[in-house]
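Shared chain: subunit A. Partners: subunit B in the first complex, subunit C in the second.
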Partner chain A sequence: MSEATVLRAAATPFLSRQRLGLAALWAVLILVPFWVPLVGGYTQLAGRALVLGLAAMALNFLLGFTGVMSFGHAAWFGLGAYGTGLMLRYVTSSSLLATLAGVLLGGVLGTVLGRLLVRRRGVYFAMITIAFGQIFFYIAYRWNSLTGGDDGLRGFQRQPIGFGRFLLDIQGNDVALYYYLLFVFAICVGLMGLLLGSPFGRTLIAIRENERRARFLGIDVERQIWLSFSLSCFFCSAAGALYALLNNFADPMTLHYTLSGEIVIMAVMGGMRSFWGPLLGAAVFVVLQDYVSSMTVNWMSFIGLLFVLVVLFAPRGLLGALQRETPR
Partner chain B sequence: MTQLVLFNITNGLIVGAFYVLMALGLSLILNLSNVINFAHANFLTLGGYFAYVLIPFIGFWAALFVAPLLTAIVGIIVERLMIRRVYGRDPVYSLLLTFGLAFILQDVCRYVWGTQGLPLAVPASIAQPLSADLFFITGYRVFMVAIVLVAVTGLFAFLRYSRIGVRIRAGILDLETVAALGVNVQLLRSLNFAVGIFLAGLAGVLAAGQIGLNPNMGDTLLMPSFIAIIVGGVGSLAGTLFGGLLIGVAAAITTVFYPTAADAVIYVIMALVLLARPRGLLGEEGMMS
Partner chain C sequence: MNLLEVHHVSKNFGSLHAVQDVSLMVAPGELRAIIGPNGAGKTTFFNLITGFFPPSAGEIRFGGADITRVPASGRVRLGMARTFQITEIFPELSVRENVRIAAEAAAGLTLGIILGRARQAAIAHEISAAIALTGLTDRADRKVGELAHGDQRAAEIAMALALRPRLLLLDEPTAGMGEQETFEIAALIRRLHRDSRYTIVLIEHDMRVVFHLADRITVLEQGCLLAEGTPAEIAANEAVQAAYLGQTA
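On to the complex of A and B.
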């Protein structure tokens, strides 16, 4: 434990505001199957929000904490979904292995392609990530025999997970499925939190704040950005893998840049300078989309309007706006 | 076989010409304002629909000019009301803003003109094939290529010789100095945006004459236009021109031999260029970072 951590730990009372908030957040997440039906939602919708929240948090690892903007994260999300779907359909009946396969497919490909990107910055980084992302969309779209093409990949079912005598029936029981999603979510988010708190995470923030200064301090900026991009891809494809399990379906639109844009808006709407903001943004987005698309066929205008309004009037996001009021 | 290859190369050049018109406009806006205009394809569509509305009143030839002009005016309004507010801010905001605009514009087109495809009437004088052997070279195709040539030449002449054009080029190199020299940078950006949107609108009218109108007609052009810019080199309009034609023809030739890979080949070209020459074929050092 470093000196700074010790000092900070000593300075924080056991029941600090932050810890209470964190405990409350996890309580809310754990109790979802109990309170969501009461307010008129359904567990499937909550699962969707959780999974897209993970994707938005994964993106924000790069966008908010490294200062590098990827606009092609749907690619890694979709690869995670297809990896899981293909594994369940053709290879194994283990949902755990299939999840792992999805994570690896998206993460490894992201890591390899990331190497080509690390010297670009700003809009150019964004533009190249969009274009790269579309490669996988076209592959899934055209490779009919393997991926089902335009119709998406069907014909696989998530399978119950057994631990010795105990069986988690994620196939038939929505609540069990939700807890499986939450379990993977917790692992990913826990890892992200640890990474961001570590010296590596501090390095990323240093790059975000002033890349030139970080470089003068001897930080290998390209390498750190590549690492951050790769990790972000792994987390994002974990979200995609869960999405395939949630829907028993992998859709080519999960690879499309439209979803990339939606993931970015979730992160920004929630607050890209805060760790949990993107989860909140995803929850708001998913609920709004569900509500608006059931009300009108012109839901695209509403989503578009949401983009415009967030950019023009709430660029700091929901949590960002809250944080401004509390003095540092 | 020769005829098939020739047919596809002709096709590729025409498709490439559309990429060029789209990508040049995108490139202008990107270079001067550092904004990737996601809604560019939707302005193209809007141009096509404007022509559809105008043709019964003023005829095809006038609409060919007036419809892009109207599109450019819509572009200026959008730029003044919204896009101007995100200049100089984190690029994520301009991307999200134009992304949202793309959604809205697409929905508006769908709402006003319906989801069904609509035909755009082309004058009979240019709709005929030119020869029986080369049936695929219709007058309209030659006409399209001619218009694109005129537009591109006009654009380059405008940038080279007109006062505004020279200022735009100077602004691309160093906007701060241009502002310090007393140029109204806000106005310059608006005009530049309008020029870019005019090109998109023109492409929209031409494309509508060839493939008809629907609310998503521009979407398939957006990604190749990005790639044309990346391949040609960000910051170089000549590179964009070359990149657009290159990927158009490459995709068309691939169609002859291996049709399913036609979409993929342009991405392969992009990856190869990024590996071998990261700044793009004609790009300047440092423009991409």
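On to the complex of A and C.
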């Protein structure tokens, strides 16, 4: 037995390496408003990384854990953003209700349309998802009176959230906003973790590993893929809803397939076989974008180069490469 | 009453008649072998029984019910479990995880999120039992993809057992194996049949295995039923001998 195996066997389940890593990760996320300014960042940027990280993790629920590729996840992200923006602008001043409306708009439409593509696989599945995305992009782009068309949806403001006598001022206070984002992020990620660790989640992994075997274990493959797609859409819409709150703006480009591609890049670059990989991928993406785009308009070339290097030399993604260095 | 009844099934792929008017009755507790030269339609016949595709004609009954139009996943839930000629497993997962997925599917938990302790314990017990029966207890936590070929096949059989099958269908369980591995898998099938009283239908190329294990043998040739009987009857059958030795004038 190697030393690592002995250590692993000796560790009590309560203080396992995995649990310590998880505790450290949450500590880092919770303390963001304190350490990010020290390294030259700002809380708004961290919020952006968190939100896109949630979108990439939502995609990865489908891509990494069910083995089905979507190139149209911007559709659900953008619908979440527009749902939230429209709600705040026309209906309510409650940020919570607006978030919920965004989640429902993207999630329900994703669920309904997802039913149409469960029998498709591989490239055909991916092509249809692109088409779905572009349909919503053109609706938002053309429907000027409702969505603001090309200029995007403006004229709404996230509103402070009241809990009885306590008021969370996400409107004027960046730190409060970050904690609201982190709160929704934690709910979504907690649910994803619960689902993936359950018998239901194992059927998804079974489908990813060997669809034919899964079918001959009595697993209804089409239904499970549909459910996985639907859940992935709900989580991705949640990210989009938060994105609208973060920017006080819903942009038609949040529905465009270029964003779908970026979400795929984040997930793959971070590591699509790992649960947290896509969050790391999104963070790297957002930070690089922020720093490099202040120097050159060709910031995407740098991300492209990094993406190619990761795919060639670390096919398990950045997190996969890090984990291999330190035996778990 | 027979557990499995196949009445006059045919399967055409375009103009190719892969299976023509074949019938098969399997009694509970029986071990039936299906043999035949390459291209005789054995695997197609298996795929018809397990619902991989529907027959062009004929009827299939299982436990008294007509299942001709029931899809594969539905037949599994009715109690049919199969293994494949080329081992179908989840290579990146451990033996235990492979068997767990099968056990949870059989328990109707494909939508299960949170399980009670009693349920978890019952499933863990079932998993351990299937693994022990196939002799993989000491390898239970290794990735199946890293195991020897014979052990992968045993793991696939363990998954089939975890489905709580009433009928076990094994497609060439010793395909591609050496002497020792063939012997071990044959011994495993014998234990499942004699000791655990499973009803088994298997396709097999290795004639020593077939004549050693089977209660009855069905012989297919060019998609048609050539003969059926006990091993002694089949060994003495001239048509079977001709089919196996080649059509000499």
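Quick note on the criterion: the second predicted complex is superposed on the first by the 308 of 328 C-alpha atoms of A that agree within 3 Å, B and C clash if a C-alpha of one lies under 4 Å from a C-alpha of the other, contacts with A are read in each partner's own complex, and residues count from 1 in each chain.
Just so we're on the same page, a contact is a pair of C-beta atoms (placed from the backbone, for glycine too) under 8 Å apart; a residue touches a chain by one contact, two chains touch by 3 or more.
Because the structure is a prediction, the values reported are computed rather than measured.
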Partner chain(s) touched by A:Tyr180 [first = subunit B, second = subunit C, both, neither]: neither
Touched partner set for A:Ala131, first subunit B, second subunit C, both or neither: first
Partner, of subunit C and subunit B, that touches more residues belonging to subunit A: B
Which of subunit B and subunit C A:Phe65 touches, first, second, both or neither: neither
Touching partner for A:Arg212 - first (subunit B), second (subunit C), both, neither: second
Which superposed partner A:Gly304 touches (first subunit B, second subunit C, both, neither): first
Touched partner set for A:Leu195, first subunit B, second subunit C, both or neither: second
In the complex, subunit A residues that touch subunit C: 194-195, 198-200, 202-203, 205-206, 209-210, 212-221, 224, 227
Touching residues (chain side subunit A, partner subunit B) in the complex: 63, 69, 71, 116, 119-124, 126-128, 130-132, 134-135, 138-139, 141-142, 257, 261, 264-265, 268, 272, 298, 300-301, 303-308, 310-312, 315
Complex interface listing, subunit C residues touching subunit A: 50, 72-74, 76-77, 81-82, 84, 88-93, 97, 100-102, 104-106, 109-115, 159, 163
Subunit A-touching residues of subunit B, taken from the complex the two chains share: 30, 34-36, 38, 82, 85-86, 89-97, 99-104, 106-108, 110-111, 223, 226-227, 229-230, 234, 260-261, 263-264, 267, 270-271, 274-275, 278, 288-289
